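You will see two complexes here that share subunit A, one where it goes with subunit B and one where it goes with subunit C.
Showing the complex of A and B:
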């Protein structure tokens, strides 16, 4: 069903945007290669279930673990280089990993890989079951994100992002937390990739190319990096935009690019970031609801 | 054959140097990765193509392509980047990517998705050395000559002229430069005019080299120029030239001899990652000051 497929795409995008937000929003490390980890998860899951005969329920966390393994390596690398160097290095990792998927026989090379539909406790997963799984995963990650800013980990990450040296002088080792953020973020991206692979039933290297990474970062920045609900909003808007603008299908990319430019120009803090238009309206409604008329 | 590959590598490296120079200049002052510079690359080639069709004169086509794209650069900084200057670098990055996507689709809608010939006629003859198995193409001389002249002009502008002094001061520390009475707004504007002009020249030359302009021609430069400027040490014009030659040479030699299993466009990034592991600040970058 059309609506179900759209909902699944939104669910996948929300997970990716939230996972990127942990690395870029909370720990402040720019990433332009997130699709690589999404792809690592998808290919791991495809190989484990189709070639090694693992059940889906085991392959799902294993895909996350595989992505996190590479993510931690990138995190270790990231502590050595400056921000913009890191951003471009992550682009490089995206290209190299896609190239490996495309040219190594094990990964099906240019033919891609067929992925079996998952069977869990005798239930064969169709789109409905995938959607339910995605809702559960989204809820779990969302609750984690809600909790994160107030936890010791979230506070430490905020310290690393805002002032690395101050955080270090308080006894936090910023490097540990950066690597940690990379580990969690890429773990979630890897699991999302596994769900994507089993939903599609077929994957090929172009599904995880650089433009996908750009799309995920755009979602998080558009909604508001470092906020909890922003990336979700960005994911919903940018996934639905091509569907909504279907009637001007020939101008879709023009509208998409223009939308990004205008949003960044006039709401650079993101849709729900501090001082954004939406947040001001929201605060106004809330204070009025409490009987206060402070904001006229 | 070996000599042919070496010269080919230098030509490819020169094209990369020109392509990445615009983004290097922009980064030097603004500290942003300007992806829309690759859009300017395609726009320069298309404007030039348009004027060539209308007037038939290569000189008019070249001058119009470069000046109009440079003017476009002025508008981009005035209305997009300058207001975003104190925001997070992610914001400018996404804005630049959005502009790039917009421009690419705009070109597709206006000029059509198919590749068009950018035929300037035979500007310089090819020379053959059968005994050495060597062919020197006329377009190679054109590209090497243009690169040498433009880099010399750039070096002169940045190191020997008053605006260059202001440029270097602003690149070092924008706030201090402003306090010293430098009109940094003018430096930023000049920077974008120069940066987008360079992108246009690169686009036109590549159009002549492959005799084709097409809307997505900026795709590969969009990320490869980032690899080049980062490898060079970010914002360092000399580093960019060096890195462009290293990457051009690596692509040609690795692709031509070792038959690397990765595609050509991934080689640049493999080289980048390996060199960054050894020198995290890039080839000619300064160490992080913390």
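Showing the complex of A and C:
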């Protein structure tokens, strides 16, 4: 069913956007290679289920763990470089990982890999089951994201994002928190990749190429980096837009790129960030409704 | 055994950047409950010295003892955990976070010391009340919900002091806390520091402004060209020939 497939694509995009938001929005570490971890999860799950005969329910967290392993390595590296270098490095990682998928026999090389449909407790996973799984995963990650700004971890990441020297003066080891953020974010991306692989039934290297990373970043930026609900909104809009408007799907990279530039220039806080245009309108409407004066 | 009188002892501390001897063998001690001023003309090595004690620079040579324990060469976050809190000459508040969140972040040192305990909830009523007490101490409670980046310089400095106090440090280190402040804001800072002194806080103060240092410090150590040229009470230091020359020399160079 067409609507179901779209809903699944939205669910996948929301998970990716939220996971990137942990690294880039909360910890302040730019990542332009998020699709690499999505791909690592997808290929791990494909190989574990198809070649090693693992059950899907085990392969799912294992895919997250494999992506997180590489993510932590990247995090350890990120500790050594400044932001702009990190952004370039993550682009490089995306290309390297895709090249490995494309040229190494184990990963099916240019032919890609067929992925079996999962069977869990005797239930064969069709689109409906995949969608239910995605709703559960989205709910779990969303609850974590909602908790984050009210947790010590959220404060520590905020400190590291704002000023590493000041964060260190409060006893936070900035390196630990950066690596931790990379670990969590890439773990979620890896699990999402696993779900994607089993939903599609077939994966190839181009599914995880650089434009996918730019797309995920665009979603988070559009909605609002560092906000709880922004990346969800961005994921919904940018997943539905190509379905509704033909030109968006024809000129996808142009739209993503233009959007990134425009948002950074005019609304760097995103659609739902503090003092965003949308938020101001919303506050105005709400206070007018209550008959109270708008606060400063 | 009685506690040693000195809380912080520094022996033969050196920092060389290539051929430049920014700090070249300085001894210094901060006694419990006192305010020690570290003063000197521009380029004397005050900030380099300060940053070595706080763990931002690794000393080329020398010992730093906090409560008798060697801390030289430890990274900044480890030094903070040993009980040294600092402020920054160029303020480093967490700009996109609220004043309250800036303070809550400081409470983590005591309340969520490990990476995994950091998953716990920070914004509890009890923690917020505690934050309020620190904000009251520096008189910025009214700005609790304001983004720290929107504060004026004077209030940012107050926030930094509150944040440092929230770490419940055994030694408070202030790096030129009056730089760029108006006369009134400087006056407020002096009064605030006097309150902290009355509460028994041990303070090391790097200060360029001689008048402020004289008013607040029990003792002073004077650096020039990376070397200690004098120490003693503010009166003793002010009448010291070498100190006068160092400051006069600076005035002449500035002309």
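Quick note on the criterion: the second predicted complex is superposed on the first by the 270 of 296 C-alpha atoms of A that agree within 3 Å, B and C clash if a C-alpha of one lies under 4 Å from a C-alpha of the other, contacts with A are read in each partner's own complex, and residues count from 1 in each chain.
The rule is short, and it goes like this: a contact is a pair of C-beta atoms (placed from the backbone, for glycine too) under 8 Å apart; a residue touches a chain by one contact, two chains touch by 3 or more.
Note that the structure is predicted; figures quoted are calculated from it, not measured.
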Check: Who does A:102 touch here: subunit B (first), subunit C (second), both, or neither?
Finding: first
Notebook entry, point to check: Is A:253 contacted by the first partner subunit B, the second partner subunit C, both or neither?
Noted result: first
Next item on the list: Check whether subunit B or subunit C contacts more residues of subunit A in the superposed model.
Entry: B
Next item on the list: Name the contact category of A:156: first (subunit B only), second (subunit C only), both, or neither.
Entry: second
Check: In the superposed arrangement, which partner chain does A:261 touch: subunit B (first), subunit C (second), both, or neither?
Finding: first
Notebook entry, point to check: Now for A:77: first (subunit B), second (subunit C), both, or neither, which partner does it touch?
Noted result: first
Note to self: On the A-aligned overlay, A:54 touches which partner chain: subunit B = first, subunit C = second, or both, or neither?
What the structure shows: neither
Check: Which of the two partners, first being subunit B and second being subunit C, lies in contact with A:142: first, second, both, or neither?
Finding: neither
Notebook entry, point to check: Which partner does A:245 reach: the first (subunit B), the second (subunit C), both, or neither?
Noted result: neither
Check: Once the complexes are superposed, what residues of subunit A are shared between the subunit B interface and the subunit C interface?
Finding: 165
Next item on the list: Within their complex, state which residues of subunit A touch subunit C.
Entry: 147, 150-156, 158-159, 161-163, 165-174, 176-177, 180, 226, 274
Notebook entry, point to check: For the complex, which residues does subunit A have touching subunit B?
Noted result: 24, 30, 77, 80-85, 87-89, 91-93, 95-96, 99-100, 102-104, 164-165, 210, 214, 217-218, 221-222, 225, 250-251, 253-254, 256-261, 263-265, 268-269
Checklist line | Interfacial residue positions of subunit C with respect to subunit A in the complex | finding: 54-56, 75-78, 80-81, 85-86, 88, 92-97, 101, 104-106, 108-109, 111-113, 115, 117-123, 147, 163-164, 167
Note to self: Please output the residues of subunit B touching subunit A within their complex, sorted ascending.
What the structure shows: 27, 31, 33, 79-80, 83-84, 87-95, 97-106, 109, 223, 226-227, 229-230, 234, 261-263, 265-266, 268-270, 272-273, 276-277, 280-282, 288, 290
